[in-house]
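I am attaching a structure below and will ask some questions about it afterwards.
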Amino acid sequence: MARTLITGGLVITSAEETPADVLVEDGKVVALARHGSQNWTAERVFDASGRYVVPGGVDAHTHMEMPFGGTRASDTFATGTRAAAWGGTTTIVDFAVQTRGSSLRAGLDDWHAKADGNCAVDYAFHLIVSDVSEPVLREMPGLVGEGVTSFKLFMAYPGVFYSDDGRILRAMQRAADVGALTMVHAENGPAIDVLVEQALARGETDPRHHGEVRRALLEAEATHRAIQLARVAGAPLYVVHVSAREALAELAAARDLGLPVFGETCPQYLFLSTDNLAEPGFEGAKYVCSTPLRPAEHQAALWRGLRTDDLQVVSTDHCPFCFKGQKELGLGDFSKIPNGLPGVEHRMDLLHQAVVEGRISRRRWIELACTAPARMFGLHPRKGTIAPGSDADLVIYDPHAVQTLSAATHHMNVDYSAYEGRTVTGRVETVLSRGELLLDRGDYLGRPGHGAFLPRSACQYL
Amino acid sequence: MARTLITGGLVITSAEETPADVLVEDGKVVALARHGSQNWTAERVFDASGRYVVPGGVDAHTHMEMPFGGTRASDTFATGTRAAAWGGTTTIVDFAVQTRGSSLRAGLDDWHAKADGNCAVDYAFHLIVSDVSEPVLREMPGLVGEGVTSFKLFMAYPGVFYSDDGRILRAMQRAADVGALTMVHAENGPAIDVLVEQALARGETDPRHHGEVRRALLEAEATHRAIQLARVAGAPLYVVHVSAREALAELAAARDLGLPVFGETCPQYLFLSTDNLAEPGFEGAKYVCSTPLRPAEHQAALWRGLRTDDLQVVSTDHCPFCFKGQKELGLGDFSKIPNGLPGVEHRMDLLHQAVVEGRISRRRWIELACTAPARMFGLHPRKGTIAPGSDADLVIYDPHAVQTLSAATHHMNVDYSAYEGRTVTGRVETVLSRGELLLDRGDYLGRPGHGAFLPRSACQYL
Amino acid sequence: MARTLITGGLVITSAEETPADVLVEDGKVVALARHGSQNWTAERVFDASGRYVVPGGVDAHTHMEMPFGGTRASDTFATGTRAAAWGGTTTIVDFAVQTRGSSLRAGLDDWHAKADGNCAVDYAFHLIVSDVSEPVLREMPGLVGEGVTSFKLFMAYPGVFYSDDGRILRAMQRAADVGALTMVHAENGPAIDVLVEQALARGETDPRHHGEVRRALLEAEATHRAIQLARVAGAPLYVVHVSAREALAELAAARDLGLPVFGETCPQYLFLSTDNLAEPGFEGAKYVCSTPLRPAEHQAALWRGLRTDDLQVVSTDHCPFCFKGQKELGLGDFSKIPNGLPGVEHRMDLLHQAVVEGRISRRRWIELACTAPARMFGLHPRKGTIAPGSDADLVIYDPHAVQTLSAATHHMNVDYSAYEGRTVTGRVETVLSRGELLLDRGDYLGRPGHGAFLPRSACQYL
Amino acid sequence: MARTLITGGLVITSAEETPADVLVEDGKVVALARHGSQNWTAERVFDASGRYVVPGGVDAHTHMEMPFGGTRASDTFATGTRAAAWGGTTTIVDFAVQTRGSSLRAGLDDWHAKADGNCAVDYAFHLIVSDVSEPVLREMPGLVGEGVTSFKLFMAYPGVFYSDDGRILRAMQRAADVGALTMVHAENGPAIDVLVEQALARGETDPRHHGEVRRALLEAEATHRAIQLARVAGAPLYVVHVSAREALAELAAARDLGLPVFGETCPQYLFLSTDNLAEPGFEGAKYVCSTPLRPAEHQAALWRGLRTDDLQVVSTDHCPFCFKGQKELGLGDFSKIPNGLPGVEHRMDLLHQAVVEGRISRRRWIELACTAPARMFGLHPRKGTIAPGSDADLVIYDPHAVQTLSAATHHMNVDYSAYEGRTVTGRVETVLSRGELLLDRGDYLGRPGHGAFLPRSACQYL
């Protein structure tokens, strides 16, 4: 593998902003030095003057080819990880799904089969547990041993992924025993289903009603409940896709008590709102996901939570469905709209835009997008930082380039962009994954199969 | 009916302490006047000098003949209301039970049949809804029209009384629509059942483990959840038998927001603790009830909640089971111990003891035991106060008498006392119900059938 | 004194709404009875059919003839108590003022001299302590013995009434020792004075800047500080004229802890706002008082505080200054506008308007305006209720009459109304004070000198 | 200056734990590389195998030669910084003091004179503002320009350092304007002085009464007040030496709101308690400092605050007074005991002990002791980290060595140790400051005058 040198850039990690040259050998970062201080030579040299050198992004929440409501997410591992690479994300953690009545093992095998040989970037798996039973709980240590160290449970979607509180408690206990992290989708599904039924009965069938029935209070309630169950279980907890300020307040209160409780939000909750869900015609369907988008005033709370570290991770929950043929399944009945948004390609840029706008610092940008997800899910220091010994997953980022997001130019396999026409400052220029070039100043050089499965160790915040 | 005059006493209501004579005609209080100011004559005159004249107690939570775990509460309406009368309680609100698969109407009819002609004091009914369904919800307005204006739901006891959150939400919505009050037993039943199973599997079978598995956090969690569901439903909420300080904190927080949320506690939580559950041998079974007794440090929080009005009502949850033959069903398996304690006879005295000990004022004693339950459940001003027009449910109370509580002397049909050997200051001397004498200076004159069914109006705190 | 009978009315106290006849003898309520049940005769009979019979109002915060900023409040005890009587207020508690360098005794004597022989209604005194010193502290028990059982300290107005935290602590300790209640004006005076100086230096001289510099946070801060000092002193605390929601939140938090902390607000904070302070020209000066009026959104919080009992009392802080010649002292410099509003006449009506609008119940109206101030300041049950033995301070109130508030018709000695043109429903019809007629269906029969000094016992909430 | 190489160690920063060689040239870190990956040679090579390589400590709170109560702290800059070097601390920020009536400039000049040419390690200055006036406020921008970017105000010590709230507000406003950070000693001095006087009057003169009169509530109150004043001023705030859990709770609440509020604690609050103040005889005097030591249960809250980042910095507040002759000034009157403890030498070791005991992680150890103080006070990345370009302030730390703290062996100029006889695991082995050796495997090679004044930039957390 080519010895590579990146000179002249500003190396930004979650901890430091250091003008430094970076030397890469055998797919690893081997040394950092003051600009020009070492007489390093290399087969491949990048001049990063005026650029940032940052760790490759880690997107800890994606759903490639995810089956949902009779269809499946439109990005395969091949197309989705290619889009990730374009956007400077060099690691994804996708959700393998246990089918009800089947084993965790079978679910994991399915996902390995989908990903194996297809990925442009490295990948790991969480496991969605749909069916908490004694045999299933007995599978958990084996899976942890294989590097699947986080299990997701749903408090929403009765009849599909939903687990009742007894099952959640059992799974949390077991996860804690085996050193795994429990993730929850925190919404009170049984209550929401009542409101959905009542809304439809009243003829409220448009996409915006999706946002109205999935009440913020019911996200907050479930978040509180998950925290209390985790306390009873003596287990750490990670709440995915926090969107309501009231839910965030529950996390903040728990963290003030010193509890091992963590939270993630997503760009869509930071940049979009119920105004999008209410766009005329059926346009709002493009923004249907769960937890839903919230009124715009929730955004300030989420940004604050990112600054106060009450939220630690920004993932995408990438789960794209085409407007034509997929989102349209819900014409006349919002409850039939597949839930999910495309996003894996634009997370790094949207968060950099927040740097430009003064919402977060450059270091916090890298922490939220790279370092914290790597630590949270047992991938650090291999991923998420730039230090001697780390994987050479490196992004040369041009902080001054201006780009306009659009379905016309994006690389995700989906026929619309949730950010169509939005102009942002900053752009990924060059991407290396384990020292290999995926993107070279705008030329895509990646290939399916470069990406390797990453067994993960335990959460490193415990 | 005899014209009756009570002279020379200190009339205590929740609002006033007035030296006044009380004139009773036709079962009603007709006038109050300064001692000796009127030349009233009467057929029956009681000299209450040195005594308090207080409203008859209203016990808003009893379970006469309640079926539970294959047995039934040992007090019938006849024996239980007789004991109530002995203790100065002249009104009870008992819980009629809907059997799963049957109608509310049938449950109410059952309870009417049990009570009719048997009661020594007036009575009303709440309805336990075991089975929330569309037909059941449609019954609710009719029952409200008959004076059953409160419905109880269980977040505990899966498979028995338990309703999931969707059902609870529907019932709350409906109750709010028809002007009824929703009551909940707030414990996370599915989670508790897991802990019960695990404790038994570890061989933890003693009564004290009943208290350990029913975690305070799981009472608090359910209390929080009930509050949030009530907010979503736009419904008022009454939480029964609050025992954990963490649950109380949830109520206090909700009330600070101005939400119509109410809470009840019971003498057992104020005077007993897990120390009792841990009494040697199988003695602890005498104290098994749910929510369970808590460590003694919770008592201070509950007393404080009574002072700050974060708790509004003290009821008994009277549900006695004999130690012999009934509590013993749980020998070797605490989960089989019938849940419940005797208490209807001693509520007024135990709360007066709190007055003696300086925990609450005399007026607050009457408010907690008489006025607030009457207002809460739509019985005021007929019950719960002493004012022109009120029912002449009157107690002449000797604040200086000393008595020792004991199964040897109590009148409840149960073979033990939860307060055996406890000495308290204060005693009921004379009791009138609608102007009729039930107890005359220690002579019991009551009779089954005097007590009448009380249709109730809506909660008066809304 | 004439035996008086009020028949046919609805007697409303803080606790009950009772259709009852009220019999008055020797200036006292002697009996209440069901309408028509007694064959009472009387020299004076009022038919109160369709009317409320309520206790005379107790205004616990007035400043008659108060010196302030080189002028003095425009109502004397004669004119101010006459206006009170017109408005159904039959008791005031006015603030005697210790002059710096002089004794408490001298201040009290001054106030007795001003009031004696001039008052139309009964009156009592608090004492403003301007100068906490050892000799002053030694005076306190004697004054308590004379029925002056509350002492007010100022955290605002450095150089005038201000006491630093050491002096406040000493005074609180002493007050607690002698069974007196400490009242505080809670605003951070030293910080506010900085902001005043800076505003004036920037040319911000209009009345509205009075509201801007007296920041809500600085009221909240002082409230928090007063509470903590009271905890250190082991003393109860009463915070006067709460206007900021953040200050109310501090009280609510303290009360949740069970601390003996109390709060008062005033009609101006409930019905007026910074919009009034910003009225064009110099009109805003009419609304200058301290604590200042707040933005309108604070009103909802205050109403909620009145419902949740985090605020217990509504007083007026009546301290009128004429617009001409008095308020005008501050033309071109808001800091020279005498602080204070007229209000003693309209408190009962404005709070009844809140009943009409559904903000509070009828019973809460009476509690806030009559019963709670009487209890708080040791005047109950003589004042604040209607019960055998109470003073016959009675108001027959027509709940359906409509009136328009205006300086043209009010009886306070001030040339403007803070509520000019406001229409309210409800009106005082007849007023008795200790059985004597002050107002008889709109005819004023009161006289200076009827009102007597009321020695007060200790706060009855402790 | 010698080119230096440290090989084989585990480089620990606040962000990473990296096995790496560290190359030093010209007093700077020039490169980090995987162990043995580069063919680096150097004049001086240290084998750090089995050792940690950590940044030199930054102690942001010391008082060398500080005058207090008629005496002065017993460490000069010469002795104090020598002890710091022994303990692995290579930067101190000391408090220059403005004398009342004199200028800030004069105070700073004094401190420069004391430090210049005497220091073994680098140093910077905060300025204690004793006398907030217009001329003083006008000096602030000039001082900021010279690298004195933080100003400390006292809410305690009336008559000495105390500023009232108006002065504090003015100083905060000014500091914010000029980009400086306001530090406060948060205790309610006027209230404490009352309690001191009363305690002495009761004959409570022992050292332990020092802890009793300086009530935790009065630290919390002042902390709350400082936060509110900072909000009004629009200024960031740093609270020094937080010792009470109630004060910490105020910081946590402010930080949850996203306010720029920071807190520091000290080893004495983490490892000592009122038990030490109550040691027999006059021994307790050794532990007299302000804020005072608290009951042991506060320690858990402080550790939690360090974990939750509600406290960001651990400094020493090093201010030693000999027991003989200095602490003894307070025999018979605790208020005369000079306030302060020795500590500059043992901060790194005591915090490492917390790592050993599992209270904090290794990275958090470095963050609290090195990185965060450097960032907080504008010294990063020159100080507080190990990265290309940083000052070569490096400590080789033996994590397995065991040592016993004692006055017999420490290097501070004081006749007792607050930790006498305490055994800790971990020890400083070698210390470099800007590439120069201060300590070489236990041989002290430092010299007065090596240490240079560090002008500081603004707080880097804003």
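Letters A, B, C and D mark the chains in the order given here, with residues in each chain numbered from 1 onward.
Just so we're on the same page, contacts are C-beta pairs under 8 Å (C-beta built on N, C-alpha and C of every residue); 3 or more make two chains touch, one makes a residue touch a chain.
Just so we're on the same page, UniProt names per chain: A, B, C, D = Dihydropyrimidinase.
Model, not experiment: these values are computed from the prediction.
*Asks:* Where the CA atoms of chain A average out and where those of chain C average out, how many Å apart are those spots?
*Replies:* 59
*Asks:* Based only on mean CA positions, could you tell me how far chain A sits from chain B in angstrom?
*Replies:* Inter-chain centre distance comes to 51 Å.
*Asks:* CA centre of chain A versus CA centre of chain D: separation in Å?
*Replies:* Roughly 40 Å, centre to centre.
*Asks:* By residue number and range, which residues of chain C touch two or more other chains?
*Replies:* In chain C, no residue touches two or more other chains.
*Asks:* How are the chains arranged in terms of who touches whom: line, ring, star, complete or other?
*Replies:* If you draw each chain as a dot and join those that touch, you get a single closed ring.
*Asks:* Pairs of chains that touch, anyone?
*Replies:* Final set of chain pairs in contact is A-B, A-D, B-C, C-D.
*Asks:* Can you tell me which positions in chain C touch chain B when the two form their complex?
*Replies:* Going by the criterion above, the answer is residues 13-20, 23, 25, 28, 30-34, 37-38, 252, 255-256, 258, 304, 307-310, 371, 381, 385, 387-389.
*Asks:* In the complex of these two chains, what residues of chain A are touching chain B?
*Replies:* For chain A paired with chain B, touching residues are 158, 164-170, 188, 190-191, 193-195, 215, 217-218, 220-221, 224-225, 228-229, 231-232.
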